[in-house]
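We call the chains A, B, C, D, E and F, going by the order they appear; numbering starts again at 1 in every chain.
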Amino acid sequence: MDKRLAQLPWGAPVNFLGLPEGDAHEFEAAGVVILPVPYEATVSYMGGTRFGPRRILEASRYIELYDHEMDTEPHSIGVHTLPELLLSGAGPEAALAELREACDALLAREKFVIMLGGEHSISAPPIQAHASRLGATRRLSVLQLDAHGDLRSKYEGTPFSHACVMYRVHQDVDLVPVGIRAITSDERALMRAKKIPTIFGHELDPEGKWIERALASLGQDVYITIDIDFFDPSLVPSTGTPEPGGGTWYPTLRLLERVFTERHVVGVDVVELAPIPGVVAPDFLAAKLVYKLVAYHQRAHGADSRGR
Amino acid sequence: MDKRLAQLPWGAPVNFLGLPEGDAHEFEAAGVVILPVPYEATVSYMGGTRFGPRRILEASRYIELYDHEMDTEPHSIGVHTLPELLLSGAGPEAALAELREACDALLAREKFVIMLGGEHSISAPPIQAHASRLGATRRLSVLQLDAHGDLRSKYEGTPFSHACVMYRVHQDVDLVPVGIRAITSDERALMRAKKIPTIFGHELDPEGKWIERALASLGQDVYITIDIDFFDPSLVPSTGTPEPGGGTWYPTLRLLERVFTERHVVGVDVVELAPIPGVVAPDFLAAKLVYKLVAYHQRAHGADSRGR
Amino acid sequence: MDKRLAQLPWGAPVNFLGLPEGDAHEFEAAGVVILPVPYEATVSYMGGTRFGPRRILEASRYIELYDHEMDTEPHSIGVHTLPELLLSGAGPEAALAELREACDALLAREKFVIMLGGEHSISAPPIQAHASRLGATRRLSVLQLDAHGDLRSKYEGTPFSHACVMYRVHQDVDLVPVGIRAITSDERALMRAKKIPTIFGHELDPEGKWIERALASLGQDVYITIDIDFFDPSLVPSTGTPEPGGGTWYPTLRLLERVFTERHVVGVDVVELAPIPGVVAPDFLAAKLVYKLVAYHQRAHGADSRGR
Amino acid sequence: MDKRLAQLPWGAPVNFLGLPEGDAHEFEAAGVVILPVPYEATVSYMGGTRFGPRRILEASRYIELYDHEMDTEPHSIGVHTLPELLLSGAGPEAALAELREACDALLAREKFVIMLGGEHSISAPPIQAHASRLGATRRLSVLQLDAHGDLRSKYEGTPFSHACVMYRVHQDVDLVPVGIRAITSDERALMRAKKIPTIFGHELDPEGKWIERALASLGQDVYITIDIDFFDPSLVPSTGTPEPGGGTWYPTLRLLERVFTERHVVGVDVVELAPIPGVVAPDFLAAKLVYKLVAYHQRAHGADSRGR
Amino acid sequence: MDKRLAQLPWGAPVNFLGLPEGDAHEFEAAGVVILPVPYEATVSYMGGTRFGPRRILEASRYIELYDHEMDTEPHSIGVHTLPELLLSGAGPEAALAELREACDALLAREKFVIMLGGEHSISAPPIQAHASRLGATRRLSVLQLDAHGDLRSKYEGTPFSHACVMYRVHQDVDLVPVGIRAITSDERALMRAKKIPTIFGHELDPEGKWIERALASLGQDVYITIDIDFFDPSLVPSTGTPEPGGGTWYPTLRLLERVFTERHVVGVDVVELAPIPGVVAPDFLAAKLVYKLVAYHQRAHGADSRGR
Amino acid sequence: MDKRLAQLPWGAPVNFLGLPEGDAHEFEAAGVVILPVPYEATVSYMGGTRFGPRRILEASRYIELYDHEMDTEPHSIGVHTLPELLLSGAGPEAALAELREACDALLAREKFVIMLGGEHSISAPPIQAHASRLGATRRLSVLQLDAHGDLRSKYEGTPFSHACVMYRVHQDVDLVPVGIRAITSDERALMRAKKIPTIFGHELDPEGKWIERALASLGQDVYITIDIDFFDPSLVPSTGTPEPGGGTWYPTLRLLERVFTERHVVGVDVVELAPIPGVVAPDFLAAKLVYKLVAYHQRAHGADSRGR
């Protein structure tokens, strides 16, 4: 464009936060990378998780860039939004292999990646990628905020279902499920056998003891996977199987802030938002949650903010 | 079907929980019977209560059969779903007479009936049937979870309106209304005159004193009628006249669990769900609430689980 | 149930048309079998085809059983609705293999099967099953009512996508696509190379010459696959990629009626309905369309109405 | 209000067309009276007809007062909108008796009444009131634009259902049903036995022969009842049981215009609009249809415009 | 109307609460005047605030007139609903000047005005009108319940945007913002520079200390402006930019009740409701909130209830 | 991005058609420029036109790039999508002045601009810009496809309303309105006085004589403004004031194709799409319409495809 055109009142680009393209937010320079993965293949009560990333990006454009709780400008770390990653339609195994390659490629570039889903099955590849990078001497903790256990060994004929995602990684990482309120008896048996330190939905006490319990179970290196159905359906009705009795806004932020402060967070994802047409409040909550994650990461990493 | 066909991956039948038909869940064997009554005749702000039972059944198919809070499999008591009962269009008096006959017929079979509405007017027939069965020596308590008093003597030209349902039974039973937050001055005068031990919406304290108060007002034999608008509209916007300031999930479960444990519950209903197209979270909450009622009943009745 | 209970005004069962279970509509006796396949795995603009079969069944309960255009009671042939067939989540290839087995098993029982989708990829297995049954000497014609060519060789990394379904069968059958109005240049080249007698959307003339053209292209044995997006979006907005300029109600019926009268129809499917919450008119149209197919089949087969 | 307040830019009142209250549009002076009857008691596929009158009034405020097809200002005849008439909740018989009294009272005042429903059962009282006024020597014709026959003798336990409305009047008037496309075999038998000159949906030919046929069947005095489901669901999806294959806009206007010109129309109603939240086009169509009826009436009655 | 017509069961008029017109609720006699201002010109995430007043009025018709928490009949003070005020489309400056004239004209009549928006920019004219009436010796406090600071000096090229409304008045009044959870760094700097006693969203503690803080900051004369997005989106998703972490029902009522009791409230507004089609719970909450304001005003002003 | 990252299956960018950025579709190289103007300030029945451009872009990504009716690849001309142009909130006069500057700047670059609205008021600036460029010797024709006349001199206090857009330009250009079916008597008088060759909605005959009439009225240089409410509401319910009796798909394409072939089209716009959440068919129609305009322009301009 020439100068005359450039002076016109153009709107913000379609990326997370509507940030100006280039400079601090270029891929190379950015400390944080947003990876949208609109993958939806296995089935739940309501569908539509493939529209989750797009609606989060759209809502994010209306978030104030300044964070008044922290008195910071979290975007200053540089936030780059990648295009949507369209995984193979040949089945979940092939799709997740593609995603693993994407995760490895991004981690090779030392980026702090925030992945937006899409169904929960996509959390396994980044968790495995991070666990693999840590190597044999350090063990990854996974903080799983979720209504469902996702600890089935197989579901609808495949071990790659969203209902199996935590089963697939539970041997390789220390799993800390929080907010769980829908499981099978087999999942309960596994939790008991493997001594998985689960915090159930009815244990999310107003005094916040659950926050201490969750922190105490986490090791030094933490991956956070947030299934948006962790939140109470009054806040987020927009999800496949909305279970009553979930988490609320400020206590959840308190937990997340402390994890970033007191542990080393290697990556995060926010999945399972299935937007309801015409009802944008849950999309906005998800977008603001993602920006809070950026803010906590930015404060934790200061000037040198690459994820490591 | 032949064996080859039978081996195919068929989905669950359309009943409460999607249980396999036959065996434990046959009408004869089942300890619990679900009675859908999609009756909607008198008018409120939003309509659609006749779709309530259908959406509760649909949502129930996505509930985990295992109850992790109680560590039980509540369905093991046998849960049979009846077809929808289609009441007469000739007016509420005729319709409710039909329903009374249905209640009497089911009680004659010693079933524990969970009725799904439909509008609240349908609660009078089962309450009257139970009161009648108890006879002169024992008096039925009715725990009414509700936003509205429903104590009008007449409404829109008829004493059979949903707004009159509790007036119609209040002489014959001990009424314990909980969560009330919309009444007329006449209803208030009646509450005072009859010393009805009402717990108002603004009295649902976080410490749970209201639970003790409610329990203390209940006699030994209890019928529970749950107008879904008892719950806060943030949880259940899907109802005819959603009043802010209602009940929340876990405290309500605590009350219900204790009533089943400390009293003899003879029957229950869940009414007034008016599903909003595309917003399934409230339908799911209602379905899960119904399953919690099954669970509390199952534990209370153990091996011999017929309602009596 | 005992007699007292049986006399109550129970609603119709949840099957196609809400027919009484047993007798003429039992699987063994029924001339027509409805096979719901809520399969949705590959992606389009809007989703929700997995809810198609359920909404068609629900809508069908409000259809009059008498067909006044034909002056018949088409249901008298016996119409049995199977449970939903839940295909594997392991990927489209495995899922479609399961469906092929289901088709073979049903054809072995000599049933006239009307399959309800679900996404269009599920049409390949029944077409292949029928082509295989006809053997080397008779060649199956496939009448494809559709907005899209579905003649891609591969889409999103798989040859089993809904966008490839007709490519997968085009070598083995005589394809007659009607209503097409969205194709790639590759699909157009294939149509030309293979001399596929395509009738495009803009060729659906009000005088009905297209009906004659379509009939002329069809051989003796015909399978009909109706992608609901064939219809104009004014009639059916409820589909993944609604293309303007589609078919209308009465002319489409005229074509279908004649195909049943003048050819031997071996099977049909109606796919790609993606219901919009709160907008039931398209669901009702789809249900009525299915009943018209039953009616045409019933008249063609008279007393001995098995599909052969 | 004082003068200073009166000068502020106040919006139009909430009545049909948003007309200024008083003067020509006062009840006494008005030639046309709009009677909203939000009655909904018997059940169909989708509900919500009780919101029909309100949404028609709301939409009517955006209609241009000038009619360019007729080059007239139809509102100049005086159009008065009555409050909603709330019929008894004691059952359809009581409710319709109330409505009959309202019709008699309005006809005693020589008003041309346009009734807005609500469900179709409300058409019987005005038809009976008009037939009664005509007396023994003149017989009323009823032009019924409708998808359904509504000729059942009883439905859901009552002869006062919307599905019975035409059966209830068919002995007393000459019925001319147009657009019918859903009936039972009993209704068809009645049509044949009584020689009811029905024009079916598939007979609505583009050349307009059906218009001549309908006119030829009508006597001198005509009541018009328009069930909005007469229109094709592409135009009006907002109705209880939307049947494909219905009427279109301009041909329907042509018929109505001619009936007003060539016959004496004594009254009309427009019923069964069940608004879909967020989809206002059908509400607008219904409102514009009502204004067309005002226009045709105004031209037919010129200076002396009372309905007689 | 004559007596025969008058006896018919007419529904309530379309005004706030559906009150009978005339007598106590006439403009002259009424102590409270409802002023609907459906103004929407500047842009936010979701639109539709111009439908706010209409939906609040519609919902208000289903509110019980008796207030059981206060044991009063608040409507007895006389509540008159004005027509919608349609402000100029020539731009926000002209529109707000028109509104200022309306406010001045109503205050000259000594009415207690409850204004219903519409977007938040409309709050500046009544605040300025009240501040001007108080004169130089008394300074108006403004209690702002809001998610956003609205303290930008300019937004989208104009200082009259909804995002600037509090900036426009902050020099002339003592501003007390409550519930704020989205601001720019410039707004934060202004808050600090001007020592604006802001209570942020995360400071809304369950113990209610924030209520004391807010009261302590308020002077004797108070105008209350309630941006409905103050409430948590679980309660009110129906607003332009729904921010998680907002106010809840009973605590907010406790604050408002005390302000009316312990201060002199000169006027109020409730703005920014953007109704979601089919989801009426938030509309109902807003209507009930308005009636609570009437109740608090009525009790504060007793027999002589004019706003002063 | 590095090569490893570049090889991942990234989705298409968010622009019209989802075209790869750069090369032929860069601003400099592109023959066609898409200008989204989400301006919505003046009020109609339903709102939401500011979401029109965004939903058209989103839908456009699902359009096939090949045009089978013309057997061309219209995108090969180069199609560049500009960011949204956010006009001033200071009022319509200031906003439209900004837009005029944008139009002038783009025309100075010799681009063929397709503007996406937004409300109809935005059509005046490009029309005036083109008329001005043509100079005194050549007079611009404006083909207006529209349901409304938009010939008011003033509306809601401003001459810059969407209801006035054609009045504002009618002195300077030759106006050819088509599909008009809602006007005031003043607009009709102006049409008569100025001999504006209007084709009304009821004159859109199936034989297509209206197409000849429209062509005959157009001069050599033509600007096309398409208010999407020109189309029948069965096709496009998603607009502010949906008037029944509008245009249909293929005939409208026939007119547009001929205008491009037989005249010199200097620019076009598509405005007034107000998307209904969850109903995408009209968005898709609008997107496909825009691509048809690209196709007609591409064929008319061949290798040298700049708009002139």
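To be clear about the criterion, a residue touches a chain if its C-beta (ideal position, glycine included) is under 8 Å from a C-beta of that chain, and two chains touch if they have at least 3 such contacts.
Predicted model only: the values in this text are computed from it and were never measured.
Chains touching both chain A and chain F: C, E.
Contact with both chain C and chain D is made by B, F. Counting the residue numbers that touch the partner chain, chain B and chain D have more than half of them in common.
Remark: chain A and chain B have CA centroids separated by 38 Å (rounded to whole angstrom). Centre-to-centre spacing of chain B and chain F amounts to 55 Å, using the average Cα coordinate of each chain. Under the contact definition stated at the top, the residues of chain A that touch 2 or more other chains are 9, 86, 88, 157, 206, 232, 234, 277-279.
Pairs of chains meeting the touch criterion: A-B, A-C, A-E, A-F, B-C, B-D, B-E, C-D, C-F, D-E, D-F, E-F. Interface residues of chain D, counted against chain B in their complex, comprise 40-43, 47-48, 50, 86, 88-94, 155-158, 160-161.
Residue ranges of chain F in contact with chain D, taken from their complex: 44-46, 157, 180-185, 188, 200, 202, 206, 232-234, 237, 241-245, 276-277, 279. Chain contact summary for the complex, chain D toward chain E: residues 1-2, 4-5, 8-14, 27, 38, 54, 58, 82-88, 98, 101-102, 105-106, 108-109, 277-278. Taken together, the chain A residues at the contact with chain E in this complex read 9, 59, 62-66, 68-69, 71, 73, 206, 232, 234-235, 249-250, 278-282, 284-285, 288.
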